[in-house]
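Order of writing sets the chain letters: A, B, C and D. Residues in each chain are counted from 1.
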Amino acid sequence: MLGIGVIGYGYWGPNLVRNFAQIQGVRVAAVCDQRPERRAQVAQLYPAVATYASAQELLADPNVTAVAIATAVESHFALAQQALMAGKHLFVEKPFTTTVAEAEQLVAEAACRGLTLMVGHTFIYTSAVRKIKALLDDGTLGTLYYYDSVRINLGLFQHDVNVLWDLAVHDLSIMDYLIGHMPNLVAATGMAHVPGRPENMAYLTCFFPNQLLAHFHVNWMAPVKVRRTMIGGSEKMIVYDDIEMSEKIKVYDKGIIVSDAENAIYQRHVGYRTGDMWAPRLDNIEALKLETEHFTTCIQTGQTPRSDGQAGLRVVRILEAASRSMANHGQPVAL
Amino acid sequence: MLGIGVIGYGYWGPNLVRNFAQIQGVRVAAVCDQRPERRAQVAQLYPAVATYASAQELLADPNVTAVAIATAVESHFALAQQALMAGKHLFVEKPFTTTVAEAEQLVAEAACRGLTLMVGHTFIYTSAVRKIKALLDDGTLGTLYYYDSVRINLGLFQHDVNVLWDLAVHDLSIMDYLIGHMPNLVAATGMAHVPGRPENMAYLTCFFPNQLLAHFHVNWMAPVKVRRTMIGGSEKMIVYDDIEMSEKIKVYDKGIIVSDAENAIYQRHVGYRTGDMWAPRLDNIEALKLETEHFTTCIQTGQTPRSDGQAGLRVVRILEAASRSMANHGQPVAL
Amino acid sequence: MLGIGVIGYGYWGPNLVRNFAQIQGVRVAAVCDQRPERRAQVAQLYPAVATYASAQELLADPNVTAVAIATAVESHFALAQQALMAGKHLFVEKPFTTTVAEAEQLVAEAACRGLTLMVGHTFIYTSAVRKIKALLDDGTLGTLYYYDSVRINLGLFQHDVNVLWDLAVHDLSIMDYLIGHMPNLVAATGMAHVPGRPENMAYLTCFFPNQLLAHFHVNWMAPVKVRRTMIGGSEKMIVYDDIEMSEKIKVYDKGIIVSDAENAIYQRHVGYRTGDMWAPRLDNIEALKLETEHFTTCIQTGQTPRSDGQAGLRVVRILEAASRSMANHGQPVAL
Amino acid sequence: MLGIGVIGYGYWGPNLVRNFAQIQGVRVAAVCDQRPERRAQVAQLYPAVATYASAQELLADPNVTAVAIATAVESHFALAQQALMAGKHLFVEKPFTTTVAEAEQLVAEAACRGLTLMVGHTFIYTSAVRKIKALLDDGTLGTLYYYDSVRINLGLFQHDVNVLWDLAVHDLSIMDYLIGHMPNLVAATGMAHVPGRPENMAYLTCFFPNQLLAHFHVNWMAPVKVRRTMIGGSEKMIVYDDIEMSEKIKVYDKGIIVSDAENAIYQRHVGYRTGDMWAPRLDNIEALKLETEHFTTCIQTGQTPRSDGQAGLRVVRILEAASRSMANHGQPVAL
């Protein structure tokens, strides 16, 4: 029986507990939260789970083999380090850490101790993103030209992190998984409209080798909710709209053909063609179920998680550079 | 009778001719186009209109009091200069010129000669943009926070100008009219995916004083057509979707209220409110009809056109700076 | 403390229990379900609630003052009658009963015993329907011309009742509440595409006095999910789209004006006007919360429920007539 | 050179003239319209075309070999009869005639004289409808279950014909082409909201053998424009949305499978599956171009037009029966 300890029982923690609790051969051994009313709720719903007020107590519990951290991002590093020191396998919610240095230290620490380290890039376990990954990997799209993402709505303002760390982190984790390599240059611009608060809207550009351009628009202050990613390739293009209920992914058979008879034809246009559109069926498996099972499987088999510490580090590296660029009116930052 | 001479009878010229021909007290005196088959078409539809193969001939025609230029952008400056030299009032399609220097010279020339100079920023004469202008001017939106525009589709590739000069020019002319003052910093990134061709996709950011941020996404290679502008203010927000048939403008009564009891409430969110949405009725007057009438009225009354040479110059100034920034991976350029 | 007994803990029962359990001064005293695994679930989540395998036992429990029935429709009548006989106030899920005769008997029985009788027409407690009701009651729409509803999707096939009793019952309960009086004629057509099964698609028309026409399209076999109601009036029209997240209700300022100068103008059109559209903000109160609170308040105050037995009876009356018409290829049936 | 005479140069006539004028080997010989200003417009645009004030004159013109009638429907019969009597091939706009008797007489007359007779069911020549026809003919949809069409908007009120003859005629001509056989029973309900005027909204049901049901919703008084047809089959379903610009046709791989292990599984649902959606590319050929070419080809080759007099007659037969049913509150009428 693999015992999981969950640190932080706020908005997201209950989802982790519920999912870990349903995995065969796994049990939630302990939950810790500073707030007595949150611990009371755990006690009521899961009488068999130990509850602690401090992470130290939880880490001292011999039934806890692996730890999942779902606290505010600024506490991730200290808690994660303590967990690794205590010899626990580790799952950390995204963003992994607040700095590259912290992320690197955790990655090294876990590697050195042979512990599993996974970051909660939940979106990469969704049926939509897994489907897109399959379409990219089998060459359906051809050469990638661009990745364009919009994630906006009128919602919660975070007081501690800017909108990039709060919203773009989702899209960067998706892009990292889909594209599979790092950009070499990053530029970001943003604006804080509430005095003394972090940026509530931002635009982020990532430059890749081979003329691939990625762009992200995030905004806490939009009049409408949009969750749309377009991925353009030489052969096909994908529109992934996460708000759509029945057709989240549309694959467009539209590409550019540059005509050979250039002079004659190029006068007014590059030849273009338009073709069918196809919206593939997606499976219904819950992302968080896959994610939590993947974590426990990795612990049991020694397999490297799909969203390992390196993935978390790569995303933090982009976010850190983007924040630097944003402070500088979009001055590009090399990675 | 005010006689108009139209130079260039390709894609857009016929629309200008048709509209000028319907204005009371105005007549299309002459049309010039190098291609005999285009001149033949004019002759067939408008037997009373003189046709010329060269602009020189048209400018020499004593019936021509004012000239409208609807040729490829690289020929605008030379033709415009000749027209002004010949003492003609001048209407030039957008983009006004290919450089700031050219635009400045034309503005100075027209001013010096007391000639009317207007640039074909057609969108600012649409019922949608006029309605938005009214809402901005009466303070409905409060303090402006952002201007975000997306104009993308799979369409014609221009071989001579990049996608900013072809598509963003529309949005910059709209923004110039709506906002009424210039940004002080510009940054743009883009990519050319067809070897040896200009950029086919670009992102442009304009920084204004007072924390107003404007952003433009243009793309010739998208799988779907999008024409959407969001304008966010402290009191209300507008979504302007030019593809919508019946509800092009939606006004959202959604704003941000920063709560006074900060510590208590700001823990998780800036207070927010959501309210009604309102889609105002728009009139059906054709933009080009208004625009051509406005030009002739300005000639007759000496009034300064709403989209005068200065407006054309401002848009070219942004485009020139943006192209410079784009060549530099988004390095910001001060205006 | 008002004690509620819930009969049936299948799909909907848990929602009733959860809502009744949260009302001040009310408690769920008992739940009954034939299936041991359902009773076990109640026992786990609500240790203080008594569980019974039979309705008789629940009705004999002295802590049960009022009963809510959430079983299959064919069992409603027998259970409801027993509950009333046992002197319990009564809440019955929709459809109220399977025949008019049954509904009449229950209404009479409750009246005679002075017991509160309410039918679970949940939709009339939603913020959208309450808003529409307010707009109708204050005369905003003018004279009502039509009521057109579409409720379709590829979903569950009911084996016991046809699609009218399963889907149209929602729309009829909404219409009954909004319009406030009965149609005098009903016609329905439908088709059963699975041999030996009830109709899986149907069209229902209700004729009202004063030229008001209502029409309902229901279908278990559609390729897409639609939940849309249009209400046309002489002054304004409403589109109520229950799938829309942010703008469920749109009010169109479009009506018909019949011009006075008939002969001259009527040649080609009745004069028409188009105006603004307005999407009012809706509150976020959960319908089932309002509904369950309303039931308990009615018991405590003697007030007649908004969706009382008469409302349930009216809806069953239409459904019964519609089924009769449908068996006859749409032969109209007078009410 | 095949000479065409067009009778009626109002809203639709100019489109016919423009298209006939572009066909190789065909010329528009004459146009007739009672209104001098309409004739003047013909004379200006097409100096070589003879213009007449009366149909008699046009029919007497020896250059006219075939006649196209685009006048108000009540004049179709008399004009068509005169044209056939004069030995002209005949194209009549839809609705073909105002009664079945008239349509039968014209069909017989044309057959007896060996003249080509075609009805202007333009929609069946659109790329969308041709694509659907191909999908039906190759068995892609399986057994047809239903045909559901909505054609509504706030538009012109016809003073002479009711909304069925004005709007449903389009959908009936499409259905006639797609399904290929007649319904055996028709029921319709409708309402006239402007005193003394024909019905402005209607619902029409057509019963076919083999459990196929067709339904049409037409309305001149809706707040929004809808043009949507759903076609449900045992294997696939089609949604045809004529307002969509880029994806007019969507084919859903969703059907019903009735499970064999009935008792166990049928408790709650007929087994269902959901699959991919596919939006096929459509060609860009203008329907009216195909239609007019088809008419002239049929004259030249003796081929029977796809939308011949029989097709026109079948549609009129349904419309006549539907009007009868509508006058009777939906009493079904056998065909």
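As a working rule, a residue touches a chain if its C-beta (ideal position, glycine included) is under 8 Å from a C-beta of that chain, and two chains touch if they have at least 3 such contacts.
Which protein is which chain? UniProt says A, B, C, D = Oxidoreductase.
All values reported here derive from a predicted model rather than from experimental measurement.
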| item | value |
| --- | --- |
| Pair of chains joined by more contacts [C-beta pairs], B-C or B-D | B-C |
| Reference chain C (Oxidoreductase); chain at largest CA-centroid distance | B |
| Rounded Å distance, chain C (Oxidoreductase) centre to chain D (Oxidoreductase) centre (Cα mean) | 39 |
| Rounded Å distance between chain B (Oxidoreductase) and chain D (Oxidoreductase), as computed from the means of their C-alpha atoms | 42 |
| Averaged-CA centre spacing for the pair chain C (Oxidoreductase) and chain B (Oxidoreductase), given as whole angstrom | 53 |
| Numbers and ranges of chain D (Oxidoreductase) residues touching at least 2 other chains | 224, 246, 274 |
| Chain B (Oxidoreductase) to chain D (Oxidoreductase) touching residues, read off their complex | 224-225, 243, 245-246 |
| Interfacial residue positions of chain B (Oxidoreductase) with respect to chain A (Oxidoreductase) in the complex | 145-146, 148, 154-157, 159, 185, 187, 189-194, 197, 201, 203, 205, 207, 211-213, 215, 217, 219, 221-224, 230, 232, 234, 237-239, 250, 252, 254, 256, 258, 266-270, 272, 274, 329-332 |
| Of all residues in chain A (Oxidoreductase), those that touch chain D (Oxidoreductase) in their complex | 246-247, 253, 274-281 |
